[in-house]
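Chains: A, B, C and D, in written order; residue numbering restarts at 1 for each.
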């Protein structure tokens, strides 16, 4: 049950079987940092050139293919007072005929009041003026090394997790990942101070983060897609295109969860989800989109 | 500002240019009823053979193509104590390889306590037992006659509205529809006492409703897709397949709304939606799916 | 076995249960004309204002829901020497980021040499110069009145056929349609002198046609989607979005055909289609796309 | 202009930056072999455990990111007399409600007469009997190491090529790939003696191949997706889901090709593709599907 403080010195832009930066045991806690999506750290120094540079991979002792990695997200918070964002919508989230109306891409600049918990728009000047938003810190990327020797860009996502851009991956949440390789090889990165659903501008308010998480292991429990839970809900994610297929993956994973862990048969699951399911849009930007299937704990 | 009490005697299973059942004026209120998705009324007598039989159409005096019809949903509530539902998920909402695990279709039976505001599962017997859900009445179908002389089945949806199965069409909400034909020709039906997001079982808890709504007109204000607002949000709907395209329609309609009515330019819209948008899944069952794009009024 | 020469005087822009313009018997032949997609006839007079105005509906005596309408396309040919076309690609057929590179829409003008069987580009002036194409006349639209009292725009398609824009609907082909209403109510229109696959510019080379077809009836044989055959192939069509779902519909209809009419069981169908199927893209433009599933007659 | 005869001793199941097995120069020819999709060689010995094991990677001297790798497929032919196949359709290529009708998966067995150029079905016994098909050898997989340090499973495809299962990658065709890493790192594998469009059974008739190809390099010519040409056509591929997006990628790549190499402006491209484009379905099975956009050389 050790606590490790880890200062990253290199970053990866793929989720793959890279040499571990730290070996930790189930029950251990890691205190570390992430750089922003362009590789800038707390002092706005660029430490990595790739997109969505990841901290890790962390090797979890004893993790083997077929297990489930449990990650308690204990603390996620900007470690600097500035963030940046896209200021235009991605062309694929609007009707094709409306694409030419999208203005040219430029950066938005934001200042955080970390005590008050707010982000304020500094520029560009628009009718929004100095728009103030409550901070809602979340991790755009988290996940493990994929199956089959693949190395998948941190710009997209899959059964291993990755760039899911789901606002539900915030402090207080427990995330679950399938283990595909020995040690699981866990990565985190791409912190967003705030993000709209779908990350439809292609960014949240991007910044560097302080991160604290604790890991655990469920030996021999195989899951197929990242899962999670918070105070009120259990949820599953599906990562694919189109959104329909992402929703199919998430729904099927939820069926599996309800049948295996909650004692429901197929018909009870049909009734429960039919009248009680909820969906959220994770990322609607990457090559593979993310849909989230949720069930209220009050129903279970 | 008359109040009309209308007792329907016939029902339509298409949204089309049928002969109006009642002519009303902007500002008028209508008190009426809807039968359930199989045509059963408050006494469980079958009054119509089609699917999702609609009450209406109501002709709104003065409504012309290019106007916007405003409908205040004032009261929606079951007018009997029984409901029925599907008990299995639609095959297209799960992974294709998982389809054979779906059990055979049978009806679920529910009893309402309308004072307490609950629905209780009577059968089938499953590990859920006598599952109790809070009533959350909503209209599965509402909309107007489509453009171009079309008559569209009440089993699906489009720019005219129709079978959107969005839980947000509940009492207290104001809905907006494009007017395509003189009089707009407004229909309502397919009440759900409760419904999970997406209506992924193919039904909510289906029952007959008492309905009260008030209409208004925005002359010369053209919208392209159904819109709505409640206490906290403005929202737009898009109806298409796949979900991606439905989301494109809804997002594009929201852009239009923000630019035309809220004084935002394209870049301000990009920033606002990028960091503040929310999505909900309306129907994930019909030939055309429904996605809902929402913006908190606190941002406007 | 009568031959009817029919001069249309009105046109419909929906496939719906309109009053028949002519009653014909199985075995009868119809000689008629179609106007172009903008309603222009052989003399370039505009006879109808709608999009894709249809000739018909023709009432086939004895046709009842559950039957199959057989249509032999015997002759299809431009009846004037001019055609027009779009000169730009539809925004939804290119990558969203590439949409702003599409130039402004203008018409292309073409002249036909009907004896030589060629179309020559007259304008605009482009590096293509006076591009010459062989005429390959086909019907963009053909189909019957839909099920359930619907009236569906001739700008799109469905189980009833409609605007499928499939190059395979040419002279010499036999087409099959499900009958949904008494008399079937058959429509034709939207002739293309030439058309690229998918009609990705939104038009073929649009012109008015002379049309001759012969009808027949298969009593009590129910099909679900339009089918066809020519010298070399049998084919099925699916109309939906995305292309994936259109392909699912077409493939499922082909499975049904092979099992019902060719004595194959499910495994034989799996082997035959697995190693012998072909696909063509019908329309990749309408709200609902068209995919065509084909099997060579040499395999049957 | 050397000719290398290469006997593979190890195989990869990802397209990634693996250590080259051979270094060759532009203009060189390689004579080699591929194992079948389960790793069986000419003697039906299993040499590799993964799916679609690839021969390579071949390092092409002088190839650098931003170049185009040219591969002339000179000879592709089974090097044994046996092949195997799936005998059922993939569940995602039929309507979801029809999935339960798919029989259980079993292997089909085929015998080749390589002189006569035929494949004959040996088992299972079905109404097809001893079905005989002409051999039409093609490579299911070919491509290069992906961009950004990714390693992508040979079960799927992307901008680097991979498992595209396009019947057009046959002897006599020249294929083009973007170069993302020094040396390009070219792979080949997954030979099909015969394959229906889309590989909708999940396999062709799988067997081991003799392969001969010659490489070339176009320095400084950047392409975005695999391209090819044969006697009659130039073609581009797009790899994505749904088929719509794959078609968007392929069409956009064709636009680029026509504008850069054939002197056409955007409007000429619109006219040419609008009335002259063709599409073929590559794979309709992998996580990412393949669509092929074709233009007849007679038009250029």
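Descriptive notes on the structure:
To be clear about the criterion, a residue touches a chain if its C-beta (ideal position, glycine included) is under 8 Å from a C-beta of that chain, and two chains touch if they have at least 3 such contacts.
Keep in mind the model is a prediction, meaning the values are calculated, not measured.
Among the pairs B-D and B-C, the greater number of C-beta contacts is found at B-C.
Of all residue numbers used where chain C meets chain D, over half belong to both copies. The two sides are thus made of the same residues.
Centre-to-centre spacing of chain C and chain D amounts to 33 Å, using the average Cα coordinate of each chain.
Chain centres here are Cα averages; for chain B and chain D they lie 47 Å apart.
Between chain B and chain C the centroid-to-centroid distance comes to 34 Å (mean Cα coordinates, whole Å).
The set of chain B residues touching two or more other chains comprises 92, 96, 241-242.
The residues of chain A lying in touch with chain D in their complex are 13-14, 16, 50-51, 148-153, 155, 240-242, 245, 287.
Chain contact summary for the complex, chain D toward chain B: residues 90-92, 96-97, 99-100, 242.
Across the complex, chain D meets chain C through its residues 85-89, 92-96, 98, 101-103, 106, 108, 121, 124, 126-128, 131, 133, 194-205, 241-244, 247-249, 251-252, 255, 263-281, 284, 289, 299.
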